[in-house]
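Chain IDs A, B, C and D follow the sequence of writing; residue 1 opens each chain.
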Amino acid sequence: MSAPPTIDTVKELGRRYSNWGRWGESDELGTLNHLTPENVVEAAGLVRTGRIVAMGLPIDDAGPQSGAGALGRFNPIHLMIRDGADVAAGTMIRDFYGGDDRHLRGTDDVLIMPLQSGTQWDALAHIFFEGKMYNGYGPDQVSSKGALKNDITGGCDRMIGRGVLLDVPAARGVPWLEPGYAITSEDLEECERRQGVAAGQGDFVLVRTGQMAQVRDRGSWGDYAGGPAPGLGLDAVPWVADREIAALATDTWGMEVRPNETPDTNQPLHIIFLVHMGLWVGEIFDLEPLALACAEEQRWEFLFSGPPLRISRAVGSPLTPVAVF
Amino acid sequence: MSAPPTIDTVKELGRRYSNWGRWGESDELGTLNHLTPENVVEAAGLVRTGRIVAMGLPIDDAGPQSGAGALGRFNPIHLMIRDGADVAAGTMIRDFYGGDDRHLRGTDDVLIMPLQSGTQWDALAHIFFEGKMYNGYGPDQVSSKGALKNDITGGCDRMIGRGVLLDVPAARGVPWLEPGYAITSEDLEECERRQGVAAGQGDFVLVRTGQMAQVRDRGSWGDYAGGPAPGLGLDAVPWVADREIAALATDTWGMEVRPNETPDTNQPLHIIFLVHMGLWVGEIFDLEPLALACAEEQRWEFLFSGPPLRISRAVGSPLTPVAVF
Amino acid sequence: MSAPPTIDTVKELGRRYSNWGRWGESDELGTLNHLTPENVVEAAGLVRTGRIVAMGLPIDDAGPQSGAGALGRFNPIHLMIRDGADVAAGTMIRDFYGGDDRHLRGTDDVLIMPLQSGTQWDALAHIFFEGKMYNGYGPDQVSSKGALKNDITGGCDRMIGRGVLLDVPAARGVPWLEPGYAITSEDLEECERRQGVAAGQGDFVLVRTGQMAQVRDRGSWGDYAGGPAPGLGLDAVPWVADREIAALATDTWGMEVRPNETPDTNQPLHIIFLVHMGLWVGEIFDLEPLALACAEEQRWEFLFSGPPLRISRAVGSPLTPVAVF
Amino acid sequence: MSAPPTIDTVKELGRRYSNWGRWGESDELGTLNHLTPENVVEAAGLVRTGRIVAMGLPIDDAGPQSGAGALGRFNPIHLMIRDGADVAAGTMIRDFYGGDDRHLRGTDDVLIMPLQSGTQWDALAHIFFEGKMYNGYGPDQVSSKGALKNDITGGCDRMIGRGVLLDVPAARGVPWLEPGYAITSEDLEECERRQGVAAGQGDFVLVRTGQMAQVRDRGSWGDYAGGPAPGLGLDAVPWVADREIAALATDTWGMEVRPNETPDTNQPLHIIFLVHMGLWVGEIFDLEPLALACAEEQRWEFLFSGPPLRISRAVGSPLTPVAVF
């Protein structure tokens, strides 16, 4: 029996697949550079039935976060500034229109949310390793004022392309992968064979673990946020790197298998993917409706559209990713 | 000289173009019903160069809102939960990882924002008239807990289709329309003629007034939020209704001309469009880069993608709309 | 065995002890009217050793709220705007002082909190019964813009007086009252006898149930917020009303016994106290250090100071109540 | 004409009046150590008429902050979770009580506020100089998670004592001091002579500049937040230090004169007072009603009560300070 992987394994994979400098010293886009206008045109060509499937989880207080915790992530808080009850009670004119009734009544609301509390893109500024984030930028580039480098806004006009769903539990004949299952390169290739699709350069690859099906089956989030989970393992790193994909997203809290394979290192794939490769990573995508649609359409490629919000200096963003068949 | 239009004009237009019941008594989608899968397929066919243009304004404290005001809309507040400075100061392990250094360092952030403070879709639950919102739902359907009917989530998987930019100032040979300019049906038709494009059923129509160019020219938002503005006038209502478009968005705070043409009625087109027609309305879209791209590409139609966030019970949502050429 | 009390019991007690109109039709102060300047002077005379005891629970994410829940109360969220790590990382000058180093470095923070999530005063606008709050004001007086009548600010310059702790578990020889225990008038009188103190006109009466001792003993809040709890019962109403006290506070989430004695009515004492009597009610006061101090000082009366924050239109407020011996 | 003071002046004054180590190496209370139980007893003895005056500014969106700005301070945002309009509209039972009408109706609200946006105490963790805060603690003691040392909670049970108002404009026969006026030791002594009161050990000294009277006179906050202001000058430092007061508060945004007397140093008194002396500083106290009351009572000493909220790790706190005559 071999020793478990360590931070040295992580460093070696990081070095091997590093994209620092690949697109210039001032690059902040990382693997989104793999996406070309030709990719976009080809992706649009995949639209044949006009079916649209959204992958965004509801943004509300029934979300997956279990509490403030050390990381400080809580479920979104939605509050009304003014509402229909004010219309019914006759208070709107007095309190919101200065007593002047000009026939209109309106409603407004406010949202308070950690940007990584639900369906989300990580910005490349989300992860540091040895004091550096993607392309070598230092920690002083992300102060209390937010990220000067590698913030989320770089993705706003580059998140349209070919989407590919790799449905791992379907390939393995199970409803979902169990927590702790580490997805391998071979798993991903088996999905490709079974589904008759090959992920490649500039693609948005969505890897389904089925953990949300499990959550729904048991009727509660449980320790979905931060607890044991299926997800990509170290063995999948070469596959992800070699395919030159634009971005990768899964249906779990943290994309990679938990407990992590590296006893000494937390979230090793985040270090390799975000810091070294500059890979854009999506999390908590709801891939259940998409998996159903793919099975019905009998194809696992589609036009993907998923720009983040253009939040200045943000290190993450909620979004509503959509697949168009 | 004729008398100015009044609430009676608004009511008459509302009656004439009402879509209540058109798609069933329980409909909450309104004009998004005009969008068909065929529209989506055709729209994807417009993608030829792969150029992507985003229309989302930066979401930050330099936004267009001028203060809390009666409506309570303020600019977004972005705060870091943990950041790179904590990495540099060596405080992250102690304060966020329980003292256990497992090599990873992460950053997180929180956003507090009125959902209609920037680039946004109005939900159909945003406007009431005579105690009703679209399709006859009453004010008790939008309490302090949010909207039970007509909330924003209906748009999540229906906001992909053909986009058409109508560049009114370009058609009139000016850099921007002046505040108070009421766009007419003839203006819109002139844009169509000049641009060689016709808006039609299921389209996402983006009407540029150029007000953001004016804001940038003078270097400040001024009274952009709620002050005088160019925008659609009552004369444009038949055009908008007859074309059976899916949604309409502009680059101003309130879509319609301000001061309103109706001295006795605030935002009359909101009453006609949102309440009676069930038309999805977008506001504060940044159409400047899009206008430039259209002129360069010499075409004013494209694939539009702009789903709102799936915020449960919300009456509006920020988004990053994108056009793909 | 007699039938349990019902809403009729509540209504009868409400009628009997109603203070509507007692201090004028426009009164918004309720029982704070019982407090006279003479009471304040006498209360100051109780200060003999200068010992100060604070009763405010820490305001942070380890608070008693268990989640957003139907009432939408969550634990306070504290975020830094800028901090010492920015000083250490050298990012403060760049990001917060416009690049101009004038030697000073500062830190700032933001708090997001439901006003009744911890140690708090209820405003008289907090409770409605049969469409009315204290003194007959209607529900239109508390819109989405907040309370026009009976808001919290009335208490700002009237919350200094004689404090009296009634330590019920001490009188009963137990460390804490068990959940479901309904405190009676006789219990309160027994405390007075045992402690050699009598609560009277204008007093701030603090009733200890010991539930926080129980929470600390078991090491978790459990269902402290909204679950079973000891607290005042219907039997205590005459005592509370007859003594003409200024305000009443306890160490539990909801002041009164839970499950409530009235199967058909939620929080009946809130209806009687806040709506009919206009009694100011404090909740989640940490009375453990105070009980210890009283026992050590062998007196259960002291100067009480506990003004709410002056939050315009608020229906509750956090505070740091203090006792001075 | 002599050269203006510089950072060297600030350093010299800091060295001379430093209290680092005076109360032990682990002290976090600074000048609150000057307050003794005897002070508290004597202060209570000042209560003779029972008149209570509150000094807290309304906490709402009409506050003094002019915008997010570089420091990120905005006016408080108050939102209702549920309100009387929900009672009137009949939506409360459905949306907040799970459809179960048990007679009670309640309201709730949320506050979002920068802790130094209104009437406030600065914690000693608010200011750093040369990488240190009071008593030599380093910047790593205030991370994105808040202050481990010198946070606001130390004040919770030590903010009761003798209050002394020094009404500088009254002593000078003007309604208010003009912006830029630097209060001297002689000014403070003149107030004492005129008012027949002497500030001393353990006192809470409130220095009125009258700037709020000026604000009210002109009807707008203008540049009150951060702009030119009257306030304490460097000349007043020896007076403040020698009197061994417990805390100092003024009615301006920043306590000290602005523009600062030191062209090279921002807020020099913050460096001397908070960092070197460990002096608790209050800002934006509304001293107008207090000045009126003092003149009417013809005494300028009273019982002061002003504990901060017990916000864990906070670097500031709102409060409602009160004076009792």
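A few notes on this one:
Everything that follows uses one rule, which is that a residue touches a chain if its C-beta (ideal position, glycine included) is under 8 Å from a C-beta of that chain, and two chains touch if they have at least 3 such contacts.
None of these values were measured; they are calculated from a predicted model.
Residue contact pairs shared with B-D exceed half only for one pair among C-D, B-C or A-C, and that pair is A-C. Interface comparison, A-C versus A-B: the pair with the greater number of contacting C-beta pairs is A-B.
Taking the mean of the C-alpha atoms as each chain's centre, chain A and chain B sit 25 Å apart. The centroid of the Cα atoms in chain A and the matching centroid in chain C are 44 Å apart.
Residue positions 72, 77, 79-86, 88-91, 95-96, 110, 112, 139-140, 143-145 of chain A are each in touch with at least two other chains.
If you check the complex, the residues on chain C that touch chain B are 77, 79-81, 83-86, 88-91, 110, 112, 144. Residue ranges of chain C in contact with chain D, taken from their complex: 7, 10, 36-41, 43-54, 56-60, 62, 70-73, 76, 78-85, 87-88, 95-98, 102-116, 119, 125-129, 131, 133, 138-147, 153, 156-160, 264-268, 270-271, 303, 305, 307-316, 318-320, 322, 324. By the touch rule above, chain D contacts chain B in their complex via residues 61, 67-68, 72, 74-75, 77, 79-83, 85-86, 89-92, 94-96, 112, 139-140, 143-145.
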